[in-house]
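Next come two complexes, and both contain subunit A; in the first it sits with subunit B, in the second with subunit C.
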Partner chain A sequence: MNTVLSRANSLFAFSLSVMAALTFGCFITTAFKDRSVPVDIQVSKVMIKNVDDFTGPRERSDLGFVTFDISANLQPIFDWNVKELFLYLTAEYSTKSNALNQVVLWDKIVLRGENTKLNMKDVKSKYFFFDDGNGLRANKNITLTLSWNVVPNAGILPLVMGSGHKSLAFPETYETAKSY
Partner chain B sequence: ILSSGVFQLYYQVLNFGMIVSSALMIWKGLMVVTGSESPIVVVLSGSMEPAFHRGDLLFLTNRVEDPIRVGEIVVFRIEGREIPIVHRVLKIHEKENGDVKFLTKGDNNSVDDRGLYKQGQHWLEKKDVVGRARGFVPYIGIVTILMNDYPKFKYAVLCLLGLFVLVHRE
Partner chain C sequence: MLSVFKSIPTHMDYKGQKLAEQIFQGVILVSAVIGFIYGFTIQQFGWTVYIMLAGFTISCLLTLPPWPMYRKNPLNWQPALPETSGETRDKPQENQKKKKHK
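Up next, the complex of A and B:
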């Protein structure tokens, strides 16, 4: 311990060990927490069209339009090891051609420190709700759920579904006149 | 070194060989346990900010039984390209027999990844997936990025390490 170099070396090694221990501590103290909270989803408007899928495959497919309200209190989820919550609203349904379909209609990033009380009204979907085919028309059972990906400071990246869902049904006929 | 004798030299070489093969065994072991050919990757772009920044480290698994669901962060490779991309699954259509096609998008991008896929390719499939991101540690991978962007730095570090190993034994 009598040269600048060996002192710097010890200091460096010690700070690295302390940081590694802190990071591991962050991870292990929050690894088994339940990160779910209740969520309330309401649907106000539902419409369906049948057009060429201009977002990709260019086949004639069903295009759904949904307007919804979401409210949830996300405050209990945030702790010392949560950096960000990536929220996403999923529409899940099955059709004749596909046993399981999941489409993300809307997403939002909530960082630690931002407003954690979610209360959105009359939200239109952010992403086009195209089906792979024509399976939305007269589909009685589309389930909307709100989930989030917990991004920690260090540790596991879990996907958590909020408790509470909303089922909706699409109409039997396509809308030709109205624009959304 | 030469003055210490041939025995010392053999000992050093064997020691070095032990360290290298232990590291290799740990890496291969991780590959088997996680099922992924790259169990640890470094984030290279800012397309997933503010969740991941350049230089963050991701731990992946790629078990075939794990189904692909929306919201998951997947690391995939586009046919013909070497660099893997870390983005989030936006849409899935799965058939009864388990065949699934899905679409991805980076959190920080305004459009989905169809512009990145091969010409004419609209969906990704399980075979394109290198792994699913399950764990994350910030900043550690910066060293890998530095070494790639500044090859002189890589050679400098290697030379210094080599010198240190040789001199330390005295």
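Up next, the complex of A and C:
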């Protein structure tokens, strides 16, 4: 500790160790919180088409079109260890060829400091709702759920499902030659 | 230019070094506790980091330059011996050795 550089080295290393301990303390205070809130999903318009699917192995697959409303209050999730939330809407159903299908229809990033009351109306899906085959037509039970990925400052990134879901059924016939 | 920095005296005596280490450890720990409690209260981790950085700056200013409080116990060196008395002591020994060989 005789020279300035040796004192500065010791000081800086001690500061970094204390900083690491504070970050661990921040993680420990929020590690076991339940990050689920109630979510309300409504569906206004459902349509189905049978189109060429160039990414799949067969000629034509079912393509679903869903227009929905989402409302949720995400404020209780944000604390001093949450940097942002990655929300995504999943459609889950079963067909004759596959027991479980899950398709992500829409997603959104909510940063800390932005408006946390989610109230979106008449939202079209962002991603194509293609089925692996023709299992969407006359499918009685498609469940829509909103989940999110919590991105923290320090710690684990949990995937949390919101409580509340919406079941819908697809119609029996395809729409033909109608623009969406 | 570097020789200018090297010529500035930056030494502290031993008790001063111990005092400096205690001071900076204490300041940083206190600012860490204050920062943690304040950040937890307003639920923003950014403020915890800012308060820690303020504590780091304060302890840099207090302990890096050699203030007079770190030089209160200087070491007591023995006074230096003058050169001439060392040479006269050697010469009589050499004369004694030559007489023994005869």
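Keep in mind that, in the parts below, the second predicted complex is superposed on the first by the 173 of 180 C-alpha atoms of A that agree within 3 Å, B and C clash if a C-alpha of one lies under 4 Å from a C-alpha of the other, contacts with A are read in each partner's own complex, and residues count from 1 in each chain.
Definition applied: a residue touches a chain if its C-beta (ideal position, glycine included) is under 8 Å from a C-beta of that chain, and two chains touch if they have at least 3 such contacts.
Given the structure is predicted, the values throughout are model-derived calculations rather than measurements.
Visitor: Putting subunit B and subunit C on the same copy of subunit A, do they fit or clash?
Guide: Once subunit A is superposed (C-alpha atoms), there is room for both subunit B and subunit C without a clash.
Visitor: Count the residues of subunit A touched by subunit B and by subunit C, then name the partner with the higher count.
Guide: B
Visitor: Once the shared chain is lined up, is A:W80 touching subunit B (first), subunit C (second), both, or neither of them?
Guide: It touches subunit C, and subunit B stays clear.
Visitor: Using the touch definition from the top, say if A:S15 reaches subunit B (first), subunit C (second), both or neither.
Guide: second
Visitor: Output check: A:G25 vs subunit B and subunit C. Expected answer is one of first, second, both, neither. What do you get?
Guide: second
Visitor: Looking at the overlay, what does A:V123 touch: subunit B (first), subunit C (second), both, or neither?
Guide: Touch partners of A:V123: none, neither subunit B nor subunit C.
Visitor: According to the stated criteria, A:V46 is in contact with first (subunit B), second (subunit C), both, or neither; which is it?
Guide: neither
Visitor: With both complexes superposed on chain A, which partner does A:T3 reach: first (subunit B), second (subunit C), both or neither?
Guide: After superposition on chain A, A:T3 lies in contact with subunit C alone.
Visitor: With the two complexes superposed on chain A, say which partner A:V104 touches: subunit B (first), subunit C (second), both, or neither.
Guide: It touches subunit B, and subunit C stays clear.
Visitor: A:P57 contacts which: subunit B (first), subunit C (second), both, neither?
Guide: Only subunit B is touched by A:P57; subunit C is not.
Visitor: Please state the minimum Cα-Cα separation between subunit B and subunit C in the superposed model, rounded to the nearest whole Å.
Guide: Scanning every C-alpha pair, the shortest subunit B to subunit C distance is 13 Å.
Visitor: Touching subunit B and also subunit C: which subunit A residues?
Guide: Dual-contact residues (subunit A): 153.
Visitor: Can you check the complex and tell me which residues of subunit A touch subunit C?
Guide: 1-4, 7-8, 10-11, 14-15, 18-19, 21-22, 25-26, 29, 79-81, 153
Visitor: Quick one: which bits of subunit A touch subunit B in the complex? Just the residue numbers, please.
Guide: Where subunit A meets subunit B, its residues are 23, 55-57, 83-84, 86, 88, 90, 97-104, 109, 111, 127, 132, 147, 149, 151-157, 159.
Visitor: Per the contact definition, I'd like the list of subunit B residues that touch subunit A in the complex.
Guide: Against subunit A, the touching part of subunit B is residues 50-52, 69-73, 88, 90-96, 101, 103, 107, 112, 114, 122-123, 133-138.
Visitor: Quick one: in the complex, what on subunit C touches subunit A?
Guide: Spelled out, the residues of subunit C in touch with subunit A are 10-12, 17, 20-21, 24-25, 28-29, 32, 35-36, 39-40, 42-45, 48-49, 52, 56, 59-60, 63-65.
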